[in-house]
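Could you have a look at this structure, given as structure tokens, before my questions?
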Amino acid sequence: MDRKRIRKLLKDIKAGKIEVSEAFRILKYLPYEDLHFAKIDTHRDLRKGFPEVIFCKGKTLEQTTKIVKRISSRNEFIMATKAEKSVYEAVKKVRKDAVYYETAKIVLIGQRKAKGSKKTILVVSAGTSDQPIAEEAAVTAETLGNTVERVYDIGVAGIHRLFDNKEKLFNADVIIVVAGMEGALASIVGGLVDRPVIAVPTSVGYGASFNGLAALLSMLNCCAPGVVVVNIDNGFGAGYFAGMINKIGAKK
Amino acid sequence: MDRKRIRKLLKDIKAGKIEVSEAFRILKYLPYEDLHFAKIDTHRDLRKGFPEVIFCKGKTLEQTTKIVKRISSRNEFIMATKAEKSVYEAVKKVRKDAVYYETAKIVLIGQRKAKGSKKTILVVSAGTSDQPIAEEAAVTAETLGNTVERVYDIGVAGIHRLFDNKEKLFNADVIIVVAGMEGALASIVGGLVDRPVIAVPTSVGYGASFNGLAALLSMLNCCAPGVVVVNIDNGFGAGYFAGMINKIGAKK
Amino acid sequence: MDRKRIRKLLKDIKAGKIEVSEAFRILKYLPYEDLHFAKIDTHRDLRKGFPEVIFCKGKTLEQTTKIVKRISSRNEFIMATKAEKSVYEAVKKVRKDAVYYETAKIVLIGQRKAKGSKKTILVVSAGTSDQPIAEEAAVTAETLGNTVERVYDIGVAGIHRLFDNKEKLFNADVIIVVAGMEGALASIVGGLVDRPVIAVPTSVGYGASFNGLAALLSMLNCCAPGVVVVNIDNGFGAGYFAGMINKIGAKK
Amino acid sequence: MDRKRIRKLLKDIKAGKIEVSEAFRILKYLPYEDLHFAKIDTHRDLRKGFPEVIFCKGKTLEQTTKIVKRISSRNEFIMATKAEKSVYEAVKKVRKDAVYYETAKIVLIGQRKAKGSKKTILVVSAGTSDQPIAEEAAVTAETLGNTVERVYDIGVAGIHRLFDNKEKLFNADVIIVVAGMEGALASIVGGLVDRPVIAVPTSVGYGASFNGLAALLSMLNCCAPGVVVVNIDNGFGAGYFAGMINKIGAKK
Amino acid sequence: MDRKRIRKLLKDIKAGKIEVSEAFRILKYLPYEDLHFAKIDTHRDLRKGFPEVIFCKGKTLEQTTKIVKRISSRNEFIMATKAEKSVYEAVKKVRKDAVYYETAKIVLIGQRKAKGSKKTILVVSAGTSDQPIAEEAAVTAETLGNTVERVYDIGVAGIHRLFDNKEKLFNADVIIVVAGMEGALASIVGGLVDRPVIAVPTSVGYGASFNGLAALLSMLNCCAPGVVVVNIDNGFGAGYFAGMINKIGAKK
Amino acid sequence: MDRKRIRKLLKDIKAGKIEVSEAFRILKYLPYEDLHFAKIDTHRDLRKGFPEVIFCKGKTLEQTTKIVKRISSRNEFIMATKAEKSVYEAVKKVRKDAVYYETAKIVLIGQRKAKGSKKTILVVSAGTSDQPIAEEAAVTAETLGNTVERVYDIGVAGIHRLFDNKEKLFNADVIIVVAGMEGALASIVGGLVDRPVIAVPTSVGYGASFNGLAALLSMLNCCAPGVVVVNIDNGFGAGYFAGMINKIGAKK
Amino acid sequence: MDRKRIRKLLKDIKAGKIEVSEAFRILKYLPYEDLHFAKIDTHRDLRKGFPEVIFCKGKTLEQTTKIVKRISSRNEFIMATKAEKSVYEAVKKVRKDAVYYETAKIVLIGQRKAKGSKKTILVVSAGTSDQPIAEEAAVTAETLGNTVERVYDIGVAGIHRLFDNKEKLFNADVIIVVAGMEGALASIVGGLVDRPVIAVPTSVGYGASFNGLAALLSMLNCCAPGVVVVNIDNGFGAGYFAGMINKIGAKK
Amino acid sequence: MDRKRIRKLLKDIKAGKIEVSEAFRILKYLPYEDLHFAKIDTHRDLRKGFPEVIFCKGKTLEQTTKIVKRISSRNEFIMATKAEKSVYEAVKKVRKDAVYYETAKIVLIGQRKAKGSKKTILVVSAGTSDQPIAEEAAVTAETLGNTVERVYDIGVAGIHRLFDNKEKLFNADVIIVVAGMEGALASIVGGLVDRPVIAVPTSVGYGASFNGLAALLSMLNCCAPGVVVVNIDNGFGAGYFAGMINKIGAKK
């Protein structure tokens, strides 16, 4: 319930257009409704053009398409993450305009990306196997209207490739580092630049990587300040957060 | 070695003022020196007014004061974190202008805070015992020139206190949430606002909190997008990162 | 051996109807038999109408149907949990009256639910993927004769949906909260109401959720008093315990 | 803001006693204030006679006494848990009526226990070293107005002592089991009775008990239904929850 | 090289039948060869009638049958553990006399069990799903020539079934307890009898059982003395150790 | 309640010496009392000469001496484990005949060791720091009447010292191996002999020994059959179990 | 950029063959390019004859063949590790000269092994299931031009087989020990010889081996000095490091 | 027993100087004695000049000095690691020639370092708090006769300092990297050079460093080949292993 509606309600009472008992009934649920709308309201500018997001993992095809249908009525733009190709194919039957980003495992439905920002997000990834998560981050950030640069396959054993891309490294506003195994790439990048670095540990690796735990702990203990961490394989979260940072700058 | 010096060197060769062999000797270490200075150079504006930081935990009083003395010659401003009172007292003997933030366990030496930014960082903390880490974040952010608001003691069992501070919550540019035990406060704040939230798990708790592990995992799994995590008890890292975000906005 | 039978035995000895040696033989195994029956006896009223329960996971179809047959002779009512559809189909061949709750993965055989109680159990769940466990809890509680309300899909990022259901929240006698990922919903509900909250962590999530560990630790560290925890994915245990609480109230 | 005040406000608008703009200003913060008071209001009967609780661990003596003073103005009854003797002595200086339960490490200040309930809570503990946590649970439950029975020192190696107390076991409305090491006592009690069992793992033990982890996992995996778990060493939580269950019964 | 051969060698030197250089060459490898044979020698009586054991898990069918063939030449009796039915079928082609214990997943080849001992080993198991491991222990112990009693399906929730078998419980020389989930059965049995109890945690369970970790930790922390533990799901190890204990008694 | 008393009771009823109601009252608690006495009775021979055991860790001096006094009335022989010197000194005041085994941290009170058995238990330990646990095992076994041999300081880096003691190794009936760090000594001994080996992991070590976890896991995974494991630092449990094995042999 | 090129650049400036601005542009990226080439340069002799390595796990067949094609143009020799047979078959279509080491799961493409060294690397493995990792190490070392000896199937229960191969043990320059389960073989070998021992824990085992964690911790805690550890199942890393050690010796 | 003594024994038999029975008695323990001496013998050249090592942690002052005295008789050179100053002071009373390396916590007694090798070991450490472990490695390597270079305080945030020391980095034969927190320095060094890198994780750090676990896992997962790992804080092991590598080269 927005402020205009409350003011109108109060005026209607005063004008005798509405009974006190009826007004009371309306106000009774105000705290909760207001909270609901307030949130959307407050952040309308940030959310403008941003899709409703469906996390597909652990949902049946049936559940996912049902959610897509339900949201379709009220949302122009829908994004589905961790979506296997079969999800895309099922959704495609419901919404012809669905587009699939195969490596990123993202399905986008409806109105495409917001208009471009001049701020740049650089996505750096360590190995070939880290690319799906890197792409998830990149496509998410692009969907939020950011300019995204990609520098992939920067293993620690080939750190010079990072230096080959120093222009991108020093020009980016925000950097997302995606790495599995020992996750040291986040530390190296964090030690070279003074940009906000969002580190995404991946489950890539074997043995004592313990499905991403090694990279996660490594990144959390990064001694270079300016590095924060999201969940293992959470490319979406990193892309979303990077976009948020850029919005803040843009807002002023 | 900065660019001007390289250009001059090249010109001197051309002009015959310097021998090739001598020029080669100078250039030999260039890759590394250059890297060194490039870094400082590129980020001079960000770093302006920011202190050299000493992490005191695990260092002897002797080591810490020795470092302070060494840095004193080249730095106007020094910040020491995780500093017990005894550290302050030892440093005080070396530098009369040292100031102690007791709760934050921070010692500041030399030139005070950078001039204020209009961007606001809100530091929200869960319990009384989380305050030292919350203060570490707050003092760090203030030292970086940010305006900092504090909302402390917002336990999950007293969540209404969060709503009592909704103005601060919705007005902040960046929010730092400091919480131990189950760390749910980060999820609640992340679910209410669409600002970047930096979650700091603390080691506050007992039993199955496993020294902050419960809060850390909880925060990493936060289902509200827009929440990133730093190491357990790393208030400094959160304050630093929040300041970085604000700088990016300020730069444009 | 119940009390009446013991008294009669003693009287029969006194009356000379039975020899001491024969009476001794009967009493010899008394400690164990008595313990056995005592238990059923003492709690007869609680157990009235409650099914024998078979945990299907890790059992072959053959084992499960064999157990169903064996119990059928002495029990009017059987409940099978964590039952895949194939379990239902196998059991159906043995007992025509088997009914399948697909989402809850529960098979009920024989006499349906106990007569309704006026006490209400509210089952709140966080995400779509948590529903199977939420339904397991709900169907279990209904089977025990409780009135069950459901409020599903209350993610932390959509906490306002919780407030939309405040009537149910404040009217419930016991609340079961089912949540994976960071499990913060239990803390939020526990902080809002002063009803007993039974938290069920689920294995829903990825990366650092470590198959439910994050939610489990989060819930165990809940700083709001009045929250207890059951095993990861143990919807049955939560439903059963909630029913137990209601019975206690009913008994007086 | 309670309902009466809102109704009056609406009537005052109608009656022209208050301006719309002024009414709007008052209502503006309603969602949050209402939430705040609603909570206290809804549960007033449950909370009647229950103390404000201070968790002392990790707080300085200074912090604790400051909190006691601040609460003193608005609360008749204060309870401090995990309070070392030094806490009691510091609090005693501020509040002469403070009483110390040494084993339970609880300080009670102000109006004593609520009037007794006929419902009984049985606290069973495994070893001598588990007593402090058992007493924490027991004193908490008594403070809430429950009748509490204690059966201590029931080690698995002396399980017969449990049977020596079968009357108490079968007569209790709720049972709290406090055990460290392997925590099997919860399973044994849960297997014998059909009462709600609240299991409290303790950090008692050594080696592979890993500070209570073994007991915690054991209790969470209890195959007897009707057993729920609280955090390691959380006697207060168990006592509070047990009291909650009894209140529900009492309310009808 | 056995003692007789060494004595003969020495005598031959003395008698001049062999040169010192030749004797030296023979003795050169003595330390290692002797160690080898000494072992077999010392324990010949214990090993008599015991099969060569092949652990099948992680071996291909090809590897397993190759090993069976190789051992066949020197061993009368072969035992293959953790053997899926496909292993049995492959082995059957090589050795017609192979026999399969399906639940125990054991293949026995060649000379059947050693002649019966009067010592009795009792195998107690908690749930239906624990039976494969319980049978592995039982069949192993029988193969070693022990009399084995089985008491299965003694869940903590049906502890009275344990008392129904008290004769077996008190008459056994050694008891093997096989249990997953919380593994409390080992503590209960260990608390009732003063026989050596060998506890076998199983991976049966879900959620916080963490594939047997809960049962393992519980059993290691058993406060009843007289309980030792083997690896998760190591029924063979328990059966073997129990047989070893009985041999020691028999030897005197 | 033993059998004689039950028979007498039945006869008394028949003879009219006791009323049915009185007999019923006596029999009512029979299941529990009988269980109690049955246990002590059944194992009287095993327990003969064995002390009541007090685990001192986590108990105050006051608690320990109180327990000693209470047991003193009914027990000739008391053993206190994990007893610091201060415990001994406190107990000494209560019982003049207390004797302290300093390295083993054991206090023995009253009648000394049972008469010697011809069975031998060998205690092998890895390093100097493992000796306290090794001595705890050794003194416990001696107290149970076993002949105990000690071979200490057999590090993996000095494995030859094990061979220097091969006579003891091959002559022992049961072997206890006490080792911290990587715990490999248990595997080595288990691979050399075919005696029952009881492995005691100790918390000796640093870094990735994680307080004995490395040794514990290593010992549980021992591929030599015939090795069982007790809790970290549980020398008492190993000594007790070894004694139990020898008793079984002795009984026949 | 190598030194010759820099010298030439400087001379060209002096000679007026190149403009200062152009020279500056070339030198601008020098730090990074130089770093790149420097590395290759410095270690050319070590790398001579060593293949480019592709880690196949987690890569699609398509990705792997694409990488093979890309590297083919600049590399004479390619090595693919953790390569399933399907990888080999896919690569074979692109490069006819691909050879598959099935047990080692290694594909070699192009120029075969470097010419043999007189230095010997001994690969010792514990069980049949450890062979794939042992072969990975052995084939890697051979590919690097080392002479490799293999001693497989040296279980702790058959330690004498180790002594049967003492010549190989004492003659090797470097020893690689590959073992799963408790990993004690590394300690045993490390205790017998004073050669560098590279321990490779494998994921072979079950239950509390926790996929190689037990072996890993055991090896890290090895009390014999001279033992270092690589990641679980990292046969390649061990083979590579062993070859590196031999090269160092060879270089002098 | 060395070869000369065996040959002499055989000749004495032949010459009739010794009886066969006496010769047999001497040879009986040969396998074990020989093993003992063989080891020392085989590696005499490696061990030449190397001290007997005492690990002081967990030993009492009394135990340590007793060991020093015992070894003094047969060893010219003793090294005590993890030795607090109090250990040095106690040892000093027994051996006047004891020297203390305070940072390294090493006491050296007797004949100083072996004569210098031309091979160089570089010890790189990350932070001030890592220095004690770095020094432990360095002093150990020097004691073994190696030339040791030190490059300390190379944090990831100051990686340029590594490049400032590139000469040392590229000239070293073996590199030891000592780092706590995220341990990324090992990856960086391993990615830059093709020398054997021995990584030593330290327990330096806080929060999610979990006492060195983060650094340990990070180092084990290092994707640059040529990096091996030792236990957390095991500077001695790294120094010893590095020396071993150099000896191998030296031997040829």
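By written order: A, B, C, D, E, F, G and H. Residues from 1 in each chain.
Assume a residue touches a chain if its C-beta (ideal position, glycine included) is under 8 Å from a C-beta of that chain, and two chains touch if they have at least 3 such contacts.
Just so you know, these numbers come straight off a predicted model, no measurement behind them.
With contact taken as defined at the outset, chain B and chain H are each touched by A, G. Contact count check for D-E and A-G (C-beta pairs in contact): higher for D-E. The geometric centre of chain C is 40 Å away from that of chain F, both derived from CA atoms. The centroid of the Cα atoms in chain D and the matching centroid in chain H are 55 Å apart.
The multi-chain contact residues of chain D, meaning those touching 2 or more other chains, are 31-32, 35, 39, 127, 192, 207-209, 213, 216, 220-221, 225, 231-232. Across the assembly, chains come into contact as A-B, A-C, A-D, A-G, A-H, B-C, B-D, B-G, B-H, C-D, C-E, C-F, D-E, D-F, E-F, E-G, E-H, F-G, F-H, G-H. Taken in their complex, chain C has these residues touching chain B: 126-127, 155-159, 181-184, 187-188, 190-192, 205, 207-210, 213-215, 217-225. Within the complex formed with chain B, the chain A residues making contact are 38-39, 42-43, 46-47, 53, 119, 170, 173-174, 192-196, 198, 216, 220-221, 225-232, 236-237, 240-241, 244-246, 248-252. Across the complex, chain G is touched by residues 127-129, 160, 163-164, 166, 204, 206-209 of chain A.
For chain F in complex with chain D, the residues that touch the partner chain are 29, 31-33, 35-36, 39, 55, 57-59, 63, 67, 82, 201, 203, 211-213, 216, 231-234.
For chain B in complex with chain G, the touching residues are 3, 6-7, 10-11, 13-14, 16, 20, 23-24, 27, 30-32, 34-35, 38.
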